[in-house]
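Each chain carries a letter (A, B and C) given by its place in the written order, and its residues are counted from 1.
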Amino acid sequence: MIPVLETRNLEKHFGGIVASSQVSLSVARGARHALIGPNGAGKTTLVNMLTGVLAPSSGEIRLDGEDITRLPPHRRVRRGIARTFQINQLFADLNPVEALGLAISERLGTGTHWWRRPGSRPEVVAEIAALLDRFGLADVRGVRTAALPYGKQRLLEIALAFACRPRVLLLDEPAAGVPEAERHEILAAVAGLPADVAVLLIEHDMDIVFTFADRITVLVNGQIFVDGPPDAVARDPRVKAVYLGESRDGRAP
Amino acid sequence: MKTDATPPAAMSESAPILPAPLDTAIAAQLAARGRWSPFEILFWLGAVSTIWLLPDHHLILTEIVIWGLFALSLDLILGYAGIVSLGHAAFFGVGAYTAGLLARHALIGEPVVALLVAGLAGGAFGFLTSFLVLRGTDLTRLMVTLGVALLLREVANRMAWLTGGADGLQGITMQPVLGLFRFDLYGHTAYVYSLVVLFVLFLLARRIVGSPFGLSLLAIKGNPLRAGAIGIGAGPRIVAVYTLAAVYAAIAGALLTQTTAFTSLESLSFDRSADVLLVLIIGGTGHLYGGLIGAVVFRFAQDWLSAATPQYWQFWIGLILVVIVLVGRDRIGGWLAPLRRAGDRLVPWRGGRDGGRP
Amino acid sequence: MLTILFDGIAYGMLLFVLAAGLAVTLGLMNFVNLAHGAFAMAGGYAALVLVNRLGLPFVVGLVGAFVFAAALGALLERTLYVHVYAKSHLDQVLFTIGLVFMAVATVDYTMGSSQQFIAIPPALQGQVTVLGVGMSKYRLMIIAVCGLITLLLQLGLTRTRFGSRLRAAVDDQRVARGLGINVGAVFGFTFAFGSGLAGLGGALGAEILGLDPIFPLKYMIYVLIVVTVGGTSSITGPFLAALLLGIADVAGKYYVPQLGAFVIYTIMIVVLILRPHGLFARGGAR
């Protein structure tokens, strides 16, 4: 079976610095795939290449077997890759209803309608409602994004990406910086994502990684270091030495 | 269209026969965006009433309407798409000269048709130059827009056989509007004509900025990275709104030519580009009324200040700009916020402010 | 032909001295100062008053132009500009256009609106012929003075302690702050110095560029072209851009006068689109 997302020998150089080297990653359909690695391992660089924010120096990216290496970000979204950002990238002046409405209209191809009023299509309204429910945003639906509590903003990040109905959802540290009390809400939202959406999760918290993932790729110095099922990765002595060993000694199950 | 991702489970569960309360609330929240507030209705009633209440001031009121329309067009790109321009007069000038040449050579005598043709000419020029502002930082956009306007002024200056060069385009005689209403010395016809054009174009702009397209412009302005990440392709939309703004600016320029039966290189000048920026900044960007209110303040201030010190009006414009920036644009632009809030209290104009309460 | 080249070089060097300060302010603080030309005008009129009204020697006029414009620059930088650094480019543009308009009106009020010339000493009038090419003495003097300034600037930036601090601050403000460099003071001094240079350029150029109240508006675009085309990452970029612009403008006006400034504006737009960081920027367009 063709993997839903695949990279072949992806490389990225910034001047003389190699940020990604020979990355050949394969994400299976409906996978729960975690991407881990120490700071500066090139995780976010990889996500930026996958989503088209950065152009790779060489190599290839395939979505369902189709080459998308040269597509601009918004076209990749339409093909089925959506992402969240490690640092919130939201529309400060819009509220959740407006922001979600935008993402849905864009997916339906009605985002360029210049005469219609927003909210005049019941199916869009129903979908906004479903998303607000699913991500616990119904109570704050009319609040400007900038005024939302940080945890709600993180949820909106995921909701916006999910509103694009991706085949592959890239989550870049979804719970980063969220206070302990609001964390479970985000983890529940991540755990509750539909099974047919492949999720590529970047995360530092090993507890989250090992509860969530059915496959783990370890990135070190821009290269794939180890790739395999969680128990194999956890047992791998090289991983312990290079990565787990330095931060959370022996805590992995 | 993708079909392989099934809709979220929650959706099918909550898909009801009757709309769920949340659905109704959301629809209402979105619909409230487009609702007219009493403040707006009063504004336009006030504008219309000046036709009868201030018959002696129709000449200056016509100028205000034209400045207002010009600033409104700048608001479309600056306030909604976040594109800074120092050369917006280019489109104003294209419209002004198109209308002037059409009338002077009796190509199209009827003003309304000529106005539309001038708008199209401006739009065509806007479309062609829009590709120059697609990429780049604020600074490159400033330089490019400034460069385009200077270039056009230079062309108009050199093509004196067509444009009259530094002397301006003279010998324009205007035919009656729709063949019925003659332009008179007191500017009555000119004022009503301009006001109607402004109102129609305002309605159109209001509808467009409130549409999904308008919302997506705000998204591009607010966060281009996220806009791309939810599938919004910025390029074509910037081209579209830039072209639209150029049409508006050209119509404003054409109105000036038609109502004064004259146009000159001044309509293409840097000063005009800077002035329209000032007009918009006085009233505040991003809410369509900014340009209109700014035009009223600007023109009356101009009248008053030039009466006090005739030659040095420019000094006061400069001072106003400096003060506005030092005090902070949000605070200045927000000087009419209390008024708007009063309007909001009666009927929510920009809806959703109260939607957050459970 | 050679005369045109010569005139072009003189013109270009003048433009460089006028624009050098702007290149630094733009590069250092990412600040768009459209009012840079106003300092040149201030210098020009300072020299005019010293030489024509008070009858002081021309050299004193030039020094006075530098000092006056630098002092004005320092004053405005400390009182007004500092409040605008952190604001958006749009705010910076509005603010500096405001200053330009005020400067234009003020000079119009105090000095009159007609074009004026600074009396130049007889020794600098007329032409000399070198290798069969007629050169105006005044332009030779401009090339000498501006060339000297360029050389000193280059040496100052590369060889002195202040120069290295300035370059550090241009490269990365945060790192420079971390190294204990007082970026604010460095910038204040640079701003004043750049304004002084502009003032000197305004005084030197009065003979060639003319001196009237709308000077800042007339030459704003030229100065901006030098900076945007040359880039702000080095002093050589703006210098080469200024020379090219000077030669192209003089040659254009001589050979194809009907095109006027058309060529210059077109080149600027094309360069900005193709290489937004400037024609001579290090690393080039990405």
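Couple of notes before you dig in:
Here, contacts are C-beta pairs under 8 Å (C-beta built on N, C-alpha and C of every residue); 3 or more make two chains touch, one makes a residue touch a chain.
Molecules present, by chain and UniProt name: A = ATP-binding cassette domain-containing protein; C = Branched-chain amino acid ABC transporter permease.
In this text the structure is predicted, and so the values were computed from the model without any measurement.
Averaging Cα coordinates per chain and for the whole protein, the chain whose average falls nearest the overall one is B. In this assembly, the chain whose C-alpha centre lies farthest from chain C is A. Centroids of chain A and chain B (each the mean of its C-alpha atoms) stand 39 Å apart. The geometric centre of chain A is 50 Å away from that of chain C, both derived from CA atoms.
For the pair chain B and chain C, the distance between C-alpha centroids works out to 35 Å. Note for the complex: chain B touches chain C at residues 78, 84, 86, 132, 135-140, 142-144, 146-148, 150-151, 154-155, 157-158, 270, 274, 277-278, 281, 311-315, 317-322, 324-326, 329. Remark: chain A residues 51-53, 72-75, 77-80, 82-83, 85, 89-95, 97-99, 101-103, 105-107, 109-120, 122, 125-134, 138-143, 160-167, 194, 196-197 touch chain B in the complex. Chain contact summary for the complex, chain B toward chain A: residues 1-2, 4-11, 14-15, 19-20, 22-23, 25-31, 33-34, 207-208, 210-216, 218-219, 222-223, 225-234, 236-237, 240, 351-358.
Only residues 26, 32, 80, 83-84, 87-95, 97-106, 108-109, 217, 221, 224, 228, 258-262, 265-266, 268-269, 272-273, 276 of chain C touch chain B when the two sit together in their complex.
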